[in-house]
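Could you have a look at this structure, given as structure tokens, before my questions?
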Amino acid sequence: MAHIPDGILTLPVLLAGAAIGAGGLAIGLKRLAPERIPQVAVLSGLLFVAALVHFPVGPSSAHLILNGLIGISLGWAAFPAIFVALVLQAVLFGFGGLLVLGVNLTNLAVPAALCGLAFNAVIKARPAWGVAAAGAAGAFGVAASMLMVALSLAASGREFLVAAQLVLVTHLPVMAIEAAFTAAAAGLLLKVRPGFLGRGAVAVVVLAATLTAAGPALAHKLTLFASTEGNSVSGHAYFSGGDRAQGVVVTVTDPAGAVLHRLTTDAQGAFSFTASSRADHRISVEGDDGHAAQFTIAATELPDTLAPGAPAPDLQAMIDASLARQLRPLREQLAATHDKIWWHDVVGGLGAIIGFFGLAYGLSARKDKKS
Amino acid sequence: MSLFRLEGIHFAYPSGAPVLNGAHFALAAGERVALSGANGSGKTTLFHLMVGLLRPQAGTIEAFGAPRASERDFKEVRAKAGLLFQDSDDQLFCPTVIEDVAFGPMNLGASRAEARAVAVRTLAELGLTDFEDRITHKLSGGQKRLVALATVLAMQPQVLLLDEPTNGLDHDTRARLTAILQGLPQAMMIVSHDGDFIARLATRTVALEGGRLASPL
Amino acid sequence: MSLPHAHSRTARPMLGGEAHGHASLHDDCEGHGPIGHLDPRTRLVAAGLFALMVVSRDQIWPLVLAVGLALAAALLARLRVLPTLRRMLAMDGFMVAAVALLPFTVPGDPAFSAFGLTGSGEGLHQAALILLKANAVVLMLLALVGSMNTIALGHALARLGLPCKLVQLFLFTVRYLDLLHREYARLRTAMKARAFTMGTNRHTWQSVGYLFGMLMVRSLERSDRILAAMRLRGFDGHFPCLEEPSRFGRPDGLFALASAASVVLMMSQG
């Protein structure tokens, strides 16, 4: 289940979760017309009841998570609906905790809202695909939530990586269950109460289009790193995901904006130059498609044998500088792996998961039709 | 041989006074027993006990020639004793009529195709031929009652437990239901306050009073 | 430990009961024990501060003290022992795994070995910290907030500045919970009467999907009827935000003092 208790996550993760959760809640409430409150409350209550249903999975059992169904029914209003259910579960059953409410909300509601966006877009374009899309939303809701739970854990410490992987693996059967479950529930809703699912499709298409446009932009984010050794500065540029950026123009300027050097990265995306003054060096790279990245080498990182630019450094500054020099490679490596985990794993993993379940569901649906 | 034999059944809900207090009862094949009693006297509770949805605090239940106590025992009983609920909305939950009627046979292990065939046949027998793809939720009250009966009959039970089957039905639907039930071979227990309906159908009457069952002489 | 005066909150609701025997999800449970006399807002704020306090501590002893404080609060709130224990143990399976794996994933001095793996003392320490924190927060939450009538909780949230719409949503949800749960139980009973059992197969998942779909349709129709009834009574699309008179009094002041003292005590243990 998606209820992380208090005491595991670190403060930054809690804060990030709270911020995203609060933002989503604000949007959800703003778009929620007062007349729809009884409707949303019904679904919120349903979410609460669903958590009491255990499905047997071999010798073990699994909970329904239901955020896919909530998402396709409510869109943005999934945030307040899930929030209320989480508060009630925490207070009445002791599920989850208090300070983690934001993270738990984010982990469940962000995938739900995305399901809503995607589902509405699909149902507008191809109404006949409604049931299959709902099944995919059911699987995606679980997959994305568990991925986010795993990321929340992993971001709180390396020691949780194994547990994070465990979360993902153990929820594979839940995805299958939730896909079949959500497809059935949505099928019934589409038949019995047509028009309830897939409202507000127009605004949603615009949003979805924006999101898809933003996707590649993020996927090709340029990143830049440089370090000093004596008075020579070297670094490299790479894309998120780890690919080196070859033949990209690198510009080095001083604090006043005057261009000191203009270089191009080599086949490994690397570049180097020799600093001639002890001043801040601003390094910037610009890719063909308008992506840019910047990095600053502080004056203190350069040896004081270089004459002009700055006042004589005190001892503290020297220690800082030496520390910075030693820590740099570490920081660089950390940032590289961080970016790598994010985009490769999130996008690739989700894609594979959705594809796999979509295929499985489609095949089984066809088999049913034949028989 | 009796289909059901209940001995010394005691039952009370956690929150209240005892509902059944040493009830004895037997149902034989071919019988249609009317169960009378005031509102809240425990008639529905008795039905739920007979199919194991509730368990007695004391007493024994024998059904279809074997004592029944565990959930596993009652699973067999539920396949052979069909319970028609007072409120058909409690019984119907699938989008279409055909899926709802096929639900029971599938629980008994039929394949999708077999269950579908049984469902089509059952609906035809009840004169609901064109109802397969109708949406259950949008049927009228009378239609819902007939479809609910079909969902029970599709499991080919040996006993029917009918809880207020004519409740809320109009004159025509009531006549139709009466005719259908008269033509069925199953043993029945019927809870109803509809005197005319009972008179047409029942072979004997049993009264539930003070937690015990008594046959009026 | 015995907690006297069992109050009316039920354990996990039994599924499959019917109207008479149905265990309510959220009975009124206000007014039991000294905690019951406090203003709901005091309890909410205290629970929040306590959680913040607990989560930010990283030594064993202050956390043991925190669990002690939470236990004391549970006693004062007259929580029933068994249901409370069950709730505390109901940590998610994978969280148990996350904690159990810690000794093997945190690097440090080997302290013990199991299954051919060596567990580190540091890992054990961290696992203990997490267990103490999670249980202290949950216990305090159940004691201070869980023992509160859910309607009172809604009003307290409104007075603490939660958006009006969100509070209305909360109150409506509370109102629907029992109805939904009862309807769910009735449908499940009817399915059981038709020989349905949960299994690991598509028939099960689809059937439960239909069950929830139907539950949704019926509840949505009920919500339509409720909205119509509200219109009949002059609802024009705006909820008046409910105002409840403050009940902040001497007990609340005392409790606030006691809470502050406990927090200082916990800080000083670090």
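Going in written order, the chains are labelled A, B and C, and every chain counts its residues from 1.
Just so it is clear, a contact is a pair of C-beta atoms (placed from the backbone, for glycine too) under 8 Å apart; a residue touches a chain by one contact, two chains touch by 3 or more.
Because the structure is predicted, anything quoted here is derived from the model rather than measured.
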Go ahead and name the chain pair joined by the largest number of contacting C-beta pairs. A-C
Per-chain CA centroid nearest to the all-protein CA mean: C
Just how far, in Å, is the C-alpha centre of chain B from the one of chain A? 53
Centre-to-centre distance between chain C and chain A (centres being mean Cα positions), rounded to whole Å: 28
Where the centres are mean C-alpha positions, what is the separation of chain B from chain C, in Å? 40
Using the touch definition from the top, which residues of chain C touch two or more other chains? 207, 210, 213-214, 217
Chain B residues touching 2+ other chains are 94-95, 137
So which bits of chain A are touching at least two other chains? 187-188, 192
Per the contact definition, I'd like the list of chain A residues that touch chain B in the complex. 187-188, 191-192, 368, 371
Please name which positions on chain B make contact with chain A in the complex. 94-96, 111-113, 135, 137-138
The chain A residues in contact with chain C across the complex are 1, 3-8, 11, 14, 25, 29, 32-35, 37-46, 48-50, 52-58, 64, 66, 69, 73, 80-81, 83-85, 87-88, 90-95, 97-99, 153, 158-163, 166-167, 170, 177, 180-189, 192-193, 196, 364
Contacts from chain C onto chain A in the complex sit at residues 12-13, 15, 25-26, 47-48, 51-52, 54-56, 87-88, 90-95, 97-98, 101-102, 104-106, 123, 126, 129-134, 137-139, 141-142, 145-146, 148, 150, 153, 163, 165-166, 168-170, 172-177, 179-181, 184, 198-200, 202, 204-210, 212-217, 219-220, 222-224, 226-227, 237-239
Interface residues, chain C side, partner chain B - complex: 16, 18, 20-21, 186-187, 189-197, 203, 207, 210-211, 213-214, 217-218
